[in-house]
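Structures are listed in the sections that come next.
Each of the two complexes below includes subunit A, the first together with subunit B, the second together with subunit C.
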Partner chain A sequence: MLRLPEFSFVAARDIGEACALLAEAPKSTRLLAGGTDLLPNMKRRHQHAQRLVGLRAVANMRGIHGDSEMRVGAMTTLSTITRDAKLQRHWPGFVRAVQSISSPVLRTTGTIGGNLCLDTRCNYYNQSEEWRQAIGGCMKEAGDICWVAPSSPRCWAISASDSAPLLCAIGARVRLVSVRGERVIPVEQLFVDDGIVWLGKSDDEVLTEVLLPPVENTKATYWKLRRRGSIDFPVLGVGAALRMGAHGEVTHARIFLGAVSSAPLRAPESEAALLGQQLTEATVKAAGEAARGVAHALDNTDFTMLWRRQMTAVWVEGALRELGGLPPRAQMPETPLGAPAMSV
Partner chain B sequence: METALKLNVNGEVRQVLAPANHSLLEVLRERCGLTGTKHGCELGECGACTVLLDGEPVLACLVLAVECEDRRVETVEGLSNGAALHPLQQAFADLGAAQCGYCTPGMLMTAKALLDSNPLASEMEVREALAGNLCRCTGYWKIVEAVQWAGRMSTGDMVPPQCLRERNAAGGCSHG
Partner chain C sequence: MADTNKRKLIGTSFRRVDAVGKVSGRTQFADDLSFPRMVFMKLLRSPLPHAQIVSIDTSAAERAPGVVGVLTGSDVPVPFGILPVSHDEHALCPDKVRFVGDPVAAVAALTEEQAQAALALVRVEWKQLDTIADYDDALDASKDLIHTYGDDHNFHKKVSLRFGDPEAGFKQADLVLEDTMFFDGNTHLPLEQHATIAVPEGDGRVAVWSSTQTPHYLHKALTKVLGLPAPWIRVIALTNGGGFGGKSDPFNHEIAAAKMALNLGRPVKITLTREEVFQCHRGRHPTLMSIRTGFRKDGSMTAQHLKTLLDGGAYGSYGVASTYYTGALQTVTYNLPHYQFDGARVWTNKPPCGPKRGHGTPQPRFALEVQLDKAAHALGLDPAAMRLKQLQPKDSITANWLRVGSMGLGPCIEAVMRGSKWLERRNAMPPGRGLGIACSSYLSGAGLPINWNHMPHSGVQLKLDRSGGVAVFCGQTEIGQGSDSILAACVAEILGISLQEIRLCVADTDLTPVDLGSYSSRVTLMMGNAAVQAAERAREILARAAAEELKLPGANIVFADGRVFDAADPARGMSFAAAVQAAESRYGTIGTTGSYTPPRAPGRYRGAGVGPSPAYSYSACIVEVDVDPATGIVRVPDVWIAHDVGRALNPTLVAGQVEGSIYMGIGEALMEESAFRRLPEKLSSALVHKFPNMLEYKSPTFLDMPRVHTSIIEEPDANGPFGAKEVGQGPLLPVMPAVSNAIFHALGVRMDQVPIHPWMVFKALEEKRRGGVGRYGPKAFPAVDYGASLDVPTPAEGGDGKARNADDIGVRGGTMSETQRQSQEKPC
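Right, the complex of A and B next:
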């Protein structure tokens, strides 16, 4: 039996109590949301804590509120989000991104706050303790070399959140609360492009809710690439949000790539290729190609890095085709296994 | 340090002692003696340990037992009514939906949650609901058919399994 290390557990009753408990020892305390990332990581001795503060009983961190500007409590489960009729109507792209996370049975427990704070992942890190000891650890944990790029001064573990690229693209914000006060920041500022210190929030801050912007006439979608149709983390994610003018010209474009760096990565060249243009075969192709150079796909997850770089262009183009109502590409590149790649 | 936990398992209140770092899976198997729930990957990837918590399927390896107090836990041991098998168990047996059987308790519990809310689930709905439960023997076809068959039997739709297969393929058959 793969057992958890010893720790003490306290169930917080409200946000104030969670903040106070965290502030007592922010380095050795961890918040327990759904536990679907933290507990496997603790079982494999990746992440450590002397005390877990459970957030399950904090009622005002759950639920979906508001009409034009919706708020999603950080402890709202992923399956609650996928079932919510208002979210399905206003932000179907967000629901699609959440629906692509892991598997249905995991989404009943996993939370949106937990998915945003997901630990970064890497082939050399997400292994058993014995496996990691055999290579002397890696820079992210108990070692000093990044085995993905051994001469690199930084860790290249990837951001594997499916909700993050989409929430960055639509301009969502998160509320962070601590005993020192609270602040609201754009989701993209929640992340740091570093595999070891991947969150831009302080250790004593609690992510309490996600604030979605008014929909206005924004169209957004998320395309996920993975080996199987379920369970797997993304090897590439594309979150895209567009607004069009009266003549179908793009007036606003935000495109973020997931799983190709330690943080969701903005693709400004792709956005620039669209602004002022109508979505045509030529413009979506150009925007896709522009994203290829942005992605830092390395040998740190499933599939080869060259294929993932190639697929970055294809996936951005595919997401834009969907938003522009263009037919899907006639031919999808084959996966290294021979089957055509599918967005799931 | 062990703490006293009061769990509601299959309708029975059980008082157990367990440390804070014990998962629901460990407590069910080692403290309650309910070994029907299997331990597979123990990392949330295989679905073998699926149980129902307040009616929803969860992975018992990723839930702390201390967070399950005052919640309804249902395991495979609670499915049958005495000697009478649950329709899902009967369908799995009749249609050969289990081979080695290791994934079966998790499959049954996930399927129960689906059929409780949607007894006439389509093939795609069954496949989507079971997408987190891995089976390395059956190839899934017989499992999907057994879940659909059990759901239809429980609503009085006595469709023969062969006809169900034809219905899935063609969207209808002579038996309805």
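Right, the complex of A and C next:
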């Protein structure tokens, strides 16, 4: 079987200790925020660490706080978020995005901080050491070529976080703390569109909490495309947040696409197509079409890249139809099929 | 085998004998075993798809921490394979590697981590050969050969059989359809990875505990490669955590572990990683098909010409049989008077394909059932009614000389039509919704053994204890299908005792009579018949002793409820244990045996050995789909399936097999595929499985399952124990064509290929919107010279089962040469 490499483990008791431990050797230390992705990656030897710093014992990194401006501790488990009544009321789109992550078992262990910092994914990278040797490696791990686009100077591994596009769309922020101090940045600035260096935080910074903005009259949703509604990572995610004026005209629009590049990508043309307009058959369709060019879907996930690009328009339109109360035209594959029945 | 008494167990949903052990986690699978002084083995596998081994240096690995033993190809030079005609595998490759994952060295160490670390110290110098990635490469005569045997170049096997006069049949047709279709490969995905522990027994003997479906064949392969007398080798198959055909071959890791254990004098364990399970493979052959069928106006078939081209991967495995199976069972569901079958299997540098659930028959079944749907549409017929009108009659012989006994396909079709409200709902579906039907049939065990001989295919031995306990010995292997429970129930039923009185000893080549293995859906029928025979012989002995004891000569002695008594006066009797004591007092220790040999099949032509079975199961399936035209995404809310199992020995176990088949069928229809990465040729020779892991190889989870409505149809077969036929494989087959047919009904686009990915539906819809036909599938079938056909007159033509021109054609290639075969053991 695949076995973990040797590493040392320290359970941090508070944020200060976590920062101090991380600052000792930021390159060879990793934070263990749930481990549902990190540990399998370490088994396959494509993420490495000499020391893991566990954050589970850090009490003030857990829990959901606040009323109008809610704060979610980075170590809050995904299943805690999906069960939180206040979050369900204020940000149902956020809850849906979190609900769509992996499987119930992994959501009880995985955390929101871990999901935001999730390593980028690629079919040439999320493989065993032997498999990667058989292709001579790739530039993200022990190689010098990106097999997704062999003439490309960059790595095209994709951002596979479901929470990120939604949190970008609603304008959430994250708190980053290090021994050097702390700062609060918009979630979209947490990401860099590069498969290898995909996080805009320093190696010594700990993501401690997610700050949600006041809801006001924002409507937000998340549409996820994947093969199986039961478990898969996204091959396309659409986070959309809108505010409407007195006549139903769109006064504020933020649309982010996940899993089509190494960071959540903003779709400004789609937003522009909506601003000042009411959500009608024509405007949502135009906004969907405008998103097609943003997606950099390449052949490194499930499904074909051409179809994923085509689906970008359909999925953006689908999210906007939902927000505008228009009848659905496309179905998300996770629509429940109903309980299995047997009759003999 | 008269079925006169009321059955107590048979026909009821009695609890599986292994249920408590499994749900409480106490069942021991191979990887759960541990022995004193055990060491761990890992295999160094080829990183290249096709290469010569120039040199191999293991000296650094031998010196590595914890390492106790290293083997290379020269330590295990004798080839092996499941079929006698293709002993083309080695435990460790001696001279060349044929796919990424082919093993070249084995390292044993005190821990698995140490063995893994030492693998990196083995130095191999390679000389790369052409990468044969697909049909195009395999058919390119300028490319390097993967094997030096076979029919020609990179063709492993070619077959051409003609039954009757297909051209005359096509002339009688009102409609002739010709389609090219493709069924992609997929893998078994058992939850349990293969594991083996080899334990030396001190006097040169070795015991091999393994997760295998075929301990008998593993025993034969070990005997050959290790060069030991067969009685020195003991193979014990543990309960498999799923097999589906993926554990039916003897594997290199099993043989290497045994050799290592003998060398070291200590137990050696190997448990494969999931990726290595993908490399063992033996899964569904990717199969390109050309199917041409003539139809009369009423939908009945006049003739069919089927051509198949199988991508076999790197080794023979069951491939010769697989090739024949892509043609053999086309005739057993609907009457087909004239039939030509051309089949061929090519080598490629990929993990070997073999027998996955349905073994070679789901692919042509898909082609046939989709084409029938097209014919019904073209002729304006209801596809269900059209099938009902042309069923192969029961107790008949098909054009290719298969003997059909019981035949319950008609009631199956009627059951799913009723269940789905086919007639009421089919013409009133909402947009995007569709209903599709397909049918199938499968063997209840192959009529001929893998190694040709006249001996039984299954044996059962009983030992009756004076305490009233009955020990049952049989070589059969429990792979999750419930064969242990059926074995115990057949004996308990005949002897009128409860399952608690039965002690099973199974799948142990030292202790149990041979059963050929858990493959080809053979166990219930063959083992069941052997068990019934052994139990009836025991009952006869006990009845005689009991009648004497009770002073009731000539009485009708009945065995029920743990008692042995007079039918006319049930109060006059004794306990079962007392009857055993009475018998033992008179005759000494009581033991009986039973065995089963299938009836001789009527076909006498070369190739007639593939297809015959003592009984055929039948299934009909209706799938409802909900297709989103904006995306091409297909959802399956409901599946209705009816399966003719002859007699349900345990209805819950039957339903479980049916539902498991639906799960696997939905996976094959909509997502599962053995996709490979060929890197750009200018940059690399690499050819790797695209996603050899359980996350990215897509298979439905419980939550992705449709609602399944199962009907069990019982058309008892005279050849089955209590009338039973198979259920493990047949119900899978109709699912894939039924999904394709339902998509056509929903949106008018034809999917001539599986798996059906959403982009394929989307593309076909776009094509249809632009005025095209709206089809997704292969464009053309390549030119393959199948050679001259064996010309076999059909029963209707007065044939005798032999080919007319056998002497002109003679023995074709496709098998290992005589010199290669001389090193093989005598068949048994």
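The criterion applied here is as follows: the second predicted complex is superposed on the first by the 329 of 344 C-alpha atoms of A that agree within 3 Å, B and C clash if a C-alpha of one lies under 4 Å from a C-alpha of the other, contacts with A are read in each partner's own complex, and residues count from 1 in each chain.
One rule holds in what follows: a residue touches a chain if its C-beta (ideal position, glycine included) is under 8 Å from a C-beta of that chain, and two chains touch if they have at least 3 such contacts.
Remember, predicted model here, so these are calculated numbers, not experimental data.
Look at A:Ser230: by the touch rule set out above, it reaches both subunit B and subunit C. Using the contact criterion defined above for the overlaid structures, shared-chain residue A:Phe303 touches subunit C, although it does not reach subunit B. Once the two complexes are overlaid on the shared chain, A:Phe191 sits clear of subunit B and of subunit C alike.
Once the two complexes are laid over each other on the shared chain, residue contacts for A:Phe256 go to neither subunit B nor subunit C. Of the two partners subunit B and subunit C, it is C that touches the larger number of subunit A residues.
In the superposition on chain A, A:Tyr222 contacts neither subunit B nor subunit C. Touch criterion met: A:Val314 reaches subunit C, while subunit B stays clear of it. In the superposed pair of complexes, A:Arg3 makes contact with subunit B and with subunit C alike. On subunit A, the surface touched by subunit B in one complex and the surface touched by subunit C in the other have residues 1-3, 103, 229-231 in common. Of all the residues in subunit C, the ones that touch subunit A in their complex are 45, 47-48, 100, 112-113, 116, 193, 271, 273-275, 626, 628, 630-633, 635-637, 651-652, 655, 659, 671, 677, 679-680, 683-684, 686, 688-693, 695-696, 698, 700-712, 757-759, 762. Contact residues of subunit A toward subunit C in the complex are 1-3, 103, 123-124, 126-128, 130-131, 133-136, 145, 147, 150, 227-233, 302-304, 306-307, 310-311, 314, 329-331, 333, 335, 337-344. Considering their complex, residues 1-9, 11, 32, 34-36, 39-40, 43-44, 52, 54, 56, 79, 102-106, 108-109, 229-231 of subunit A touch subunit B. Those residues of subunit B that touch subunit A in the complex are listed here as 1, 19-23, 26, 39, 42-45, 47, 50, 56-59, 61-64, 66-67, 110, 128-129, 131-134.
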